[in-house]
Amino acid sequence: MNTWGRLFRVSLLGESHGDGVAVLLDGVPAGLRLTVGDFAGDLRKRRGGLTGTTTRREADRPLLKSGVRAGRATGAPVLIWLDNKDVDSGGYGEFRRKPRPGHVDFTAGVKFGGFNDIRGGGHFSGRLTAALVAAGVVAKKMIAPAKIEARLLEAGGETGAVGISRAIQEAMAEGNSIGGIVECRVGGLPVGLGEPFFDSVESGLAHAAFAVPGVKGIEFGAGFRAARMRGSEYNDPIVDAKGTTATNHAGGINGGLTNGNELVFRAAIRPAASIGLPQRTVELPAGKRAEIRIRGRHDACIALRVPVILEASAAIVLADLMAIDGRIPKIWR
Amino acid sequence: MNTWGRLFRVSLLGESHGDGVAVLLDGVPAGLRLTVGDFAGDLRKRRGGLTGTTTRREADRPLLKSGVRAGRATGAPVLIWLDNKDVDSGGYGEFRRKPRPGHVDFTAGVKFGGFNDIRGGGHFSGRLTAALVAAGVVAKKMIAPAKIEARLLEAGGETGAVGISRAIQEAMAEGNSIGGIVECRVGGLPVGLGEPFFDSVESGLAHAAFAVPGVKGIEFGAGFRAARMRGSEYNDPIVDAKGTTATNHAGGINGGLTNGNELVFRAAIRPAASIGLPQRTVELPAGKRAEIRIRGRHDACIALRVPVILEASAAIVLADLMAIDGRIPKIWR
Amino acid sequence: MNTWGRLFRVSLLGESHGDGVAVLLDGVPAGLRLTVGDFAGDLRKRRGGLTGTTTRREADRPLLKSGVRAGRATGAPVLIWLDNKDVDSGGYGEFRRKPRPGHVDFTAGVKFGGFNDIRGGGHFSGRLTAALVAAGVVAKKMIAPAKIEARLLEAGGETGAVGISRAIQEAMAEGNSIGGIVECRVGGLPVGLGEPFFDSVESGLAHAAFAVPGVKGIEFGAGFRAARMRGSEYNDPIVDAKGTTATNHAGGINGGLTNGNELVFRAAIRPAASIGLPQRTVELPAGKRAEIRIRGRHDACIALRVPVILEASAAIVLADLMAIDGRIPKIWR
Amino acid sequence: MNTWGRLFRVSLLGESHGDGVAVLLDGVPAGLRLTVGDFAGDLRKRRGGLTGTTTRREADRPLLKSGVRAGRATGAPVLIWLDNKDVDSGGYGEFRRKPRPGHVDFTAGVKFGGFNDIRGGGHFSGRLTAALVAAGVVAKKMIAPAKIEARLLEAGGETGAVGISRAIQEAMAEGNSIGGIVECRVGGLPVGLGEPFFDSVESGLAHAAFAVPGVKGIEFGAGFRAARMRGSEYNDPIVDAKGTTATNHAGGINGGLTNGNELVFRAAIRPAASIGLPQRTVELPAGKRAEIRIRGRHDACIALRVPVILEASAAIVLADLMAIDGRIPKIWR
């Protein structure tokens, strides 16, 4: 089920090369201001447009097909639709026979008996993240003044703008791709969001983060570094009655609940699966070894585009948790 | 909500120093063989008993209070109850006033207005993982012949038994604690479990893994290492018609779906929050700086006990996904 | 949340006088044949077009916006969209000030702080049932060969075609409306659908039936008549090993589970709220008594259109229960 | 799944002749006062003890096994357990071979492959309603000052105490059973609970009402009578700014939302399935016609005990809807 949330519910739909992609939002407070223009900034960030991202260019002008009237949410389900226009569907048929390594060709083909739309990845496409980003725009409004900011920490092993740029250029030159790490920080959250065990804040944020294609790891606060720390070093000393801590190894979460400090997590992004170099695969159904070479428009570094997507995934989780905690008004004046 | 799952639903309940802890399972197939003895092995593993784990000793003899008759599941909800016996609740009152760093004292106190049971961590206690392990025993039966195995990869930065043992001894000697990394592998899964985006296999497994106290990071396959790999290196070449890959950087998952290869993930475990050393905190409500020293029975290295708990968290997720995929019979003869 | 279902999930969206109405379906089996033509019959039945139904005329040509390719479901979420064209939104502003008796004007106005779209009832409109009927078309395919048929039993207290026709004419002549009773029968169901208590078959069917505007009562089998029967009369004697019963007072359900006999239920439909006669209401916000007279195109007897809608509501519930019971293949060849 | 609710979640478990029955409640506000004594009144009402109800006598002293400390809910899941003591399990084996008409013997036997606990109806037993009533006690506290009251309107076709008593005596004398009608009224609800379509107030209340064994029909306000009314008669005139209506044919609900007037519904209760008279059934597996005669302790009129159970079913639905609407504080001082 392509749905997340209990009181703020987000459902993704659509395909890369079909009519469009969309998100259905249930639980948007009545009166929340929503106009097409609100989405432009985040959708632009997601598109990239930088060196290293696909040359596919979609206008990404969202249509608010339901649940909005006169610039305000009505309280009814909101459908945000993004048309697909710059579609080039040639050449995908081959991938049913010769599944691309690192792609969903093989697994989705088996799962859906070959009926899945394979063009551009179909419903599995990164294109769906445009709809996720649109959901994030709404969620960010709901959780304000809490504020989410994600940024690319490193790519291709480089941590500075110059190094990252050079790494991308090199990868492009060799028809290759590189991965990266994105960090997300949320300030201004109240104490006590989340629930013990299955609805812990980490559980929710990780759940949604792994919905973002390419994410292969997530860590909160000190994360994997915590495995090598001693308790005396890791434990964040509490310094005031609001629960402020001197350090933030816990990433703003204790016992699955927000502790009022900055929430911090990082996600590891694998290199894009589509590369121009020849790759080993098999030819189905017999399974004879074969080689495949992927042509077309692709990202050399999807991590470049992930920050705003990860912001969106975090925003929808936090909006739901804040709604559950009774912190989001039902009517916005 | 302390519940996970759609067709196989797991709800945790109970407190560390209350009557007991328990798990309610809905969706256990009728006819599945279940006896008290089935739980002994995994519950023993969780208890530890090794140097470096708490000296609290519970018999952990589960009571099958409903849904089981004559050694078989009846198809009705199964309640597995574990009594608390070896309880020592002295001294917790202090922690309401002086919240322990790294603990849930402060966050839960705010969230529940001070009505939460603070003794031994109450409902947030690691003791609840005994109930989770019990759920895992049932789930493992449901997904057989798929097989889950987790092990401690490192602790205190050490990767060998001798080094780990020494690191634990050192930590204990100084009244400190250490973290670790646990790896979990699942063999024998079918191709195609999971759904795109929000119900990806990674989303589910991460969600449940972060329900385990102490987990601060998770990575699948190459995980954070993938961020520094090139696509040509990361992509796993497909070598036969069953989808077998030459390498397994994806950890057995493509596009959120199992690909038929071994599923592999690792979790980072922070050091136990309870240490014997003096720590900085505040005295509530005023927030005056204070020092706290925690006495009592505690783990020097909770990571030692995590493997079987992580197996359980993975098992319940996979049992649900397999049930959704129609792969678990409703009646077991 | 405007959503129903666990494995086959149905979400309604849209407004009466907005861009359109739609339904999002998750869990449609890959390979299921779906074309625009499949929807024509049931949508035509819902539109009515008979004397006694509104003169609003929509083409109701559904757009399969996602999840379908080459006449087959792909396994991804299916969005079925119906444009609104024949819209006449004049005069609704008055109803915010003077809420119409029997309508949602007052309750929705309070709930959504006046931000709800009031034109034509907005998201609460009977127009949404076109989307529900579209969902029913898909669900009926999924549960075949089980077969659902609903019919109008009585309207305006009359039980024959001639009497009903005359009652409608009379109501129209006086600017009034009449109610009716619809009966729904389902043949060919397996034994054992449903769950004890909260997921009983009656619970699910009633839940969805009350989602149909105008339904104010539901009864299964002998229903309210059962309240006056003796056990010796009510109990259906079992006559063969398949569980066939000599009578069917239980309506095909025992203990919340289907028993293999015909499933039978009836719904009571209130008269349409919109009538041409003057009615008493108040003028908000002061609450001064006022009179209102509703102009426009309305149904004299909405019960005429309910049968196919009730079929749809039953079909989506049964499709979900059959999916949960493992009776619907994941892939349709 | 034997679970109801989104923010206030109720899960029933247990068997008639097993260790006991219980309910697990998630979402009980921290600080809510809860003691064993709170349950006595409603549980006593459910037990009956009047002529016409079973002679099984359970103490029904609830054990608050988790989530409660010092007379207050802690915010953690609350398990309320009721031991079974007065159990007489003889003679049920016969019913696997010769399923009792009107009982779940046949349907549950098929569904669970014969592994279901058949003693006393197992998990399908009316005994589970004791746990439901316990949940209702908690829910009633949560929705106060809104107040729920149900009463027996008629039984055996009689509407007065003397007539009902005589009808019961007659039924008992002949080894028979009778049905009845129960009416439930809720005062003090706010305007706007519920959601359009699938989460309408009627949908929720009907869903939970049909979880009560024996309920075969439900109607709101004028209900089935509405089918024979004209709009001019049915529509409730609004008489003040709070939405008060002159009549209440809608039963306090418009467009699926509470309208601030008294909420009114009635449920039809079939006669108890267990009667002392000989009944026709078959002998499995061959299906040869057979006769069965049920001995043991049974209710001549289960409708006598339904009022408090229906109150409970309504209370848990309304508590959830009020929580969703943000009307129930998270912490009770």
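Should a chain be cited, it is by its letter among A, B, C and D, assigned in written order, with residues numbered from 1 in that chain.
The working rule: a residue touches a chain if its C-beta (ideal position, glycine included) is under 8 Å from a C-beta of that chain, and two chains touch if they have at least 3 such contacts.
If you're wondering where the values come from, they're calculated on a predicted model, not measured in any experiment.
Engineer: Quick check: more C-beta contact pairs in A-C or B-C?
Structural biologist: More contacting C-beta pairs are found at A-C.
Engineer: From the centre of chain C, which chain's CA centre is farthest?
Structural biologist: Most remote chain from chain C, centroid-wise, comes out as B.
Engineer: Rounded to a whole Å, what is the gap between the Cα centroids of chain A and chain C?
Structural biologist: So the centroids are 37 Å from each other.
Engineer: Report, in whole Å, the distance between the mean C-alpha point of chain B and the mean C-alpha point of chain C.
Structural biologist: For chain B versus chain C, the centre distance works out to 44 Å.
Engineer: Mark out which residues of chain D touch at least two other chains, giving numbers and ranges.
Structural biologist: 1-3, 6, 12, 76, 111, 123, 196, 330
Engineer: Looking at which chains touch which, would you call it a line, ring, star, complete or other?
Structural biologist: complete
Engineer: Okay, in this complex, where on chain C does chain A touch?
Structural biologist: Where chain C meets chain A, its residues are 1-3, 9, 11-15, 18-22, 24, 26-27, 30-31, 63, 65-67, 69, 72-77, 79, 81, 108, 111-113, 115-117, 122-123, 330-331, 333.
Engineer: Chain C touches which residues of chain B in the complex?
Structural biologist: Listed in rising order, the residues of chain B that touch chain C are 6-7, 76, 196, 324-326, 329-330.
Engineer: Going by the contact rule at the top, pick out the chain A residues touching chain B in the complex.
Structural biologist: 1-4, 6, 10, 12, 99, 101-104, 106-108, 110-111, 121, 123-124, 128, 132, 154-157, 171, 176-181, 191-192, 195-200, 202-204, 206-211, 213, 215-232, 234-243, 245-246, 249-251, 254-260, 268-275, 277, 279-282, 284-287, 289, 303
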